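These notes are about the structure you will find just below.
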Amino acid sequence: MALLSIDHLSISFGGLAAVYNLSMEIEQGALYGLIGPNGAGKTTVFNLLTGVYKPKEGLIRLDGQDITGLAPAQISAAGIARTFQNIRLFRALSVIDNVKVGLHESFPYSTLAGVLRLPSFRKQEQAIDDRAMEILEIFKLGEQRDLLAANLPYGAQRKLEIARALATKPKLLLLDEPAAGMNPGETQELMDTIRYIRDELGLTVLLIEHDMRLVSGICEQLTVLNFGRMLAQGETKQVLQDPEVIKAYLGE
Amino acid sequence: MLNTIRRKYGFYIVIVLFWLLMTLLKSAGALSSHFASLLVPMTYYAIAAVALNLCVGILGELSIGHAGFMCIGAFSGAIFSLLTKEALPGALRFFLAFLVGIALAALFGFLIGIPVLRLKGDYLAIVTLAFGEIIKNILQAVYFGVDSKGVHLALDMTDFTLEPDGLTLIKGPQGVSGTPRDSSFTVGIIVLLLALVLVHHLMDSRDGRAIMAIRDNRIAAEATGIHVTRYKMLAFTLSAAIAGAAGVLFSHNVTTMTNITNYFNYNASIMLLVYVVLGGIGNINGSVVAAMILYLLPEMMRGLQRYRMLIYAIVLILMMLFNWSPALVEKRRKAVAWLKNKLPGRGKGVA
Amino acid sequence: MSFLNYLINGLSLGSVYAIIALGYTMVYGIAKMLNFAHGDIIMVGSYIVYSAMSMAGMHPAIAILIAMVGCMVLGVVTERVAYRPLRGASSSLAVLITAIGVSYLLQNIALLVFGADTKAFTSVINWKGITLFDGELQIRGTTIITIAVGLLVLFGLQAFIHRTKSGQAMLAVAQDRGAATLCGIDVNKTIAITFAIGSSLAAVAGVLFCSTYPTITPYIGSMPGIKAFVAAVFGGIGSIPGAMIGGLTLGVIEILSRTYISSQLSEAIVFAILIVVLLVKPTGLLGKRVMEKV
């Protein structure tokens, strides 16, 4: 059974169908790409998957569980984490605290324990700190742990967003244009990290990307969106050679 | 190690030293009676400023109604003390009055938070203002008392008659009188320290991180699994509760609360906001310092009489311009960099 | 008949709120700031008219004109000196607190110049008003003129905004300051014009308010100011017809609840209704909802 299955998903804004009748299935452990021209509705799909928008029609299932229309926090608990196209960090928090927010649900000591500094607080905070450092080290951000997130360079901010997403222990990781604004060296490093996340941490990754080098480099399967509708779907190589897809990207 | 202690406990030590100094000066008779009478108000305004900063700086929601929560704490604490004046020993009664005032302010914070926190930005601010004014307005209009026949509540003096054994608790615009003067500078400092420890510990825990994450980016916080409503409610309710504690100190210091409009209207809320902004939004210790200094400032200028509020207003405007104007901030930054370059031994060319 | 009378009184008070709210809403919409000193401009306007009429013995029309010009200058100067330097500050609270400082400043200057005692304001309107239905319904001249001025201001402002270049510039700045700058609009000038108009309207509102409630103290501006702010939010802040509707509704609610429910609780009722409106429609009656882009 697929980890994520999207069934006839539709949403419209002001009468305009942003996503229409979209179906796709992502297998456990897949590296899946969602591509398409600007305004095709890719980010809208992410917003539907993470509960920012409620779909007008359709069904979303994660690991067999129906998550259609759940609130964002519930979807996070169900196992989907994401990054944002326009980076959304907790800017006034330190780098490590950004990750610690992601660990929030995994270490649920009570408010009282926190305020009174009970043993459960001390024990769990230690574990939170250790775990957060482990995650930061994956992205080589350990040394910047006490820096404010807002003061990180751009590329590091994108990495920190992924680190924060990983901290929520997701089954499925959604990356919205992770390579945007990165130079070729940084993009290469990012590709390695994404592969590491899939191979070593066993996550399933769905990503939106315009950088074709990254898409063809790591995505095994693709869905192409155009005007909110599915244009092509399948193995990366075949999809990228599809004349319809080329037409949509390059125009007539 | 010393650094950690200084960072973590430094401010508490400063407050304790301040308490010690004032207490010594007072017992030595070195403080004027006017100045001595300002010590308790300083503590409750500092506490109220800490409460408001939790809401404005940590939760990131502008409230212009916090005087309302202070008002609830003041009235409920005072009423409790009036009812138990004979029955309970002073210290226990005052302690319980705190619990009552805090609990009621927290309850109102919770109830008001449910609708208010759905709104955003300035709309939230105006609704908190509205709630603050409603609380003040109602408490100013009601007559409330108890007698052998039970509880009496009226909106009009003519409808309000008690049995001879009755006890008037709220007497319309004349408010509450006869509250025991239980507040002291020492109690004020203790409550202030407790409030500070509470807020600092909260900020430095998973709940605090969640609250600040919501402030920085609500959408990302939700996507990261934070239950936004729950944590907004937590912060807002706690903030109201702390303001309630300040209110209990208030009513047990002034003992007679007549014409409460002057103490608990939106101007009072705004004054608290001034403390918070000048002390630094999100800087809890800063709020304490700002509240104490800014409360003292006009009081100490009583000699200047007619001019003191005028001077206060000008100082306020100038301080805001100096602290926040982007052009001035930039100039200051450059001046600091220039100084650093000029200082011998430090000329590392800091840009 | 008495209901009708109260209703008309409510509309009259509402017109005053509406005129103040128009100033609030324009400044908020265009400069994106809550000008807490706006209410005190009303007070300044009233004192100017009072001084000109009672002390210098001028004709009311001239007195009002002087007050409008005086408040206009005051509005523009405070904007230039106290608010403009804070544009682009890292927190929007900075300018809010500064406005509070300006409010204190104006109140205390008035206190020094005129003292704390209440001054009796001679109404600028001498017209007795009209009597209808054989004396059953009496409408005071002040009431009629207040409502008329309110409507005049509304239509005048609408025409100004939609028909003149400065008005169009205001709309542009309100929508997107950056884009307006790129289109060659002088944002500073536009905001200064907004303050000029808002402040001179406050002078008008002050005269009308004091003609109905003929006393002046240094603090009279603060409560109508805050209620006008509520009215602006009520109608949907940033919207000019919204401010008008909000002001009128608020005035009517206030007078009716004072008459029929409780005079002590009328303020609480006004604020409670505001809360209900905002909960049902979080952006006010005519406010537009802007969806957050993710």
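Should a chain be cited, it is by its letter among A, B and C, assigned in written order, with residues numbered from 1 in that chain.
As a working rule, a contact is a pair of C-beta atoms (placed from the backbone, for glycine too) under 8 Å apart; a residue touches a chain by one contact, two chains touch by 3 or more.
Given the structure is predicted, the values throughout are model-derived calculations rather than measurements.
K.L.:
Select the chain at the greatest separation from chain C, using centres from the mean of Cα atoms.
P.N.:
The most remote chain is A.
K.L.:
State the pair of chains with the top count of C-beta pairs in contact.
P.N.:
Comparing chain pairs, contacts are most numerous for B-C.
K.L.:
Averaging only over C-alpha atoms, locate the centres of chain A and chain C and give their separation in whole Å.
P.N.:
The computed centroid separation for chain A versus chain C comes out at 49 Å.
K.L.:
So what's the Cα centroid distance for chain B and chain C, whole Å?
P.N.:
Computed value for the inter-centroid distance: 31 Å.
K.L.:
Return the distance between the CA-based centres of chain A and chain B, expressed in whole Å.
P.N.:
42
K.L.:
Tell me, which residues of chain C touch at least two other chains?
P.N.:
Residues 294.
K.L.:
Going by the contact rule already set, what residues in chain B reach two or more other chains?
P.N.:
219
K.L.:
Would you please write down the residue numbers of chain A that are in contact with two or more other chains?
P.N.:
Within chain A, the residues that touch at least two other chains are 52, 84.
K.L.:
Show which residues of chain B lie in contact with chain C when the two form their complex.
P.N.:
56, 62, 115, 118-120, 122-123, 125-127, 129-131, 133-134, 137-138, 140-141, 155, 172, 219, 266-267, 270, 273-274, 277-278, 281, 306-307, 309-310, 312-314, 316-317, 320-321, 323-328
K.L.:
Over in the complex, which chain C residues touch chain B? Could you list them?
P.N.:
28, 34, 36, 82, 85-91, 93-98, 100-102, 104-105, 107-109, 111-112, 222, 226, 229-230, 233, 237, 262, 264-265, 267-268, 271-272, 274-275, 278-279, 282-284, 292, 294
K.L.:
Taking the touch rule as given, give the residues of chain A at its contact with chain B in the complex, in rising order.
P.N.:
Touching chain B from chain A are residues 50-52, 71-73, 76-77, 81-82, 84, 88-93, 97-98, 100-102, 104-105, 107-109, 111, 114-117, 121, 125, 128, 164-165, 167-168.
K.L.:
Once bound in the complex, which stretches of chain B touch chain A?
P.N.:
Within the complex, chain B contacts chain A at residues 198, 201-202, 205-210, 212-213, 215-217, 219-228, 234, 282.
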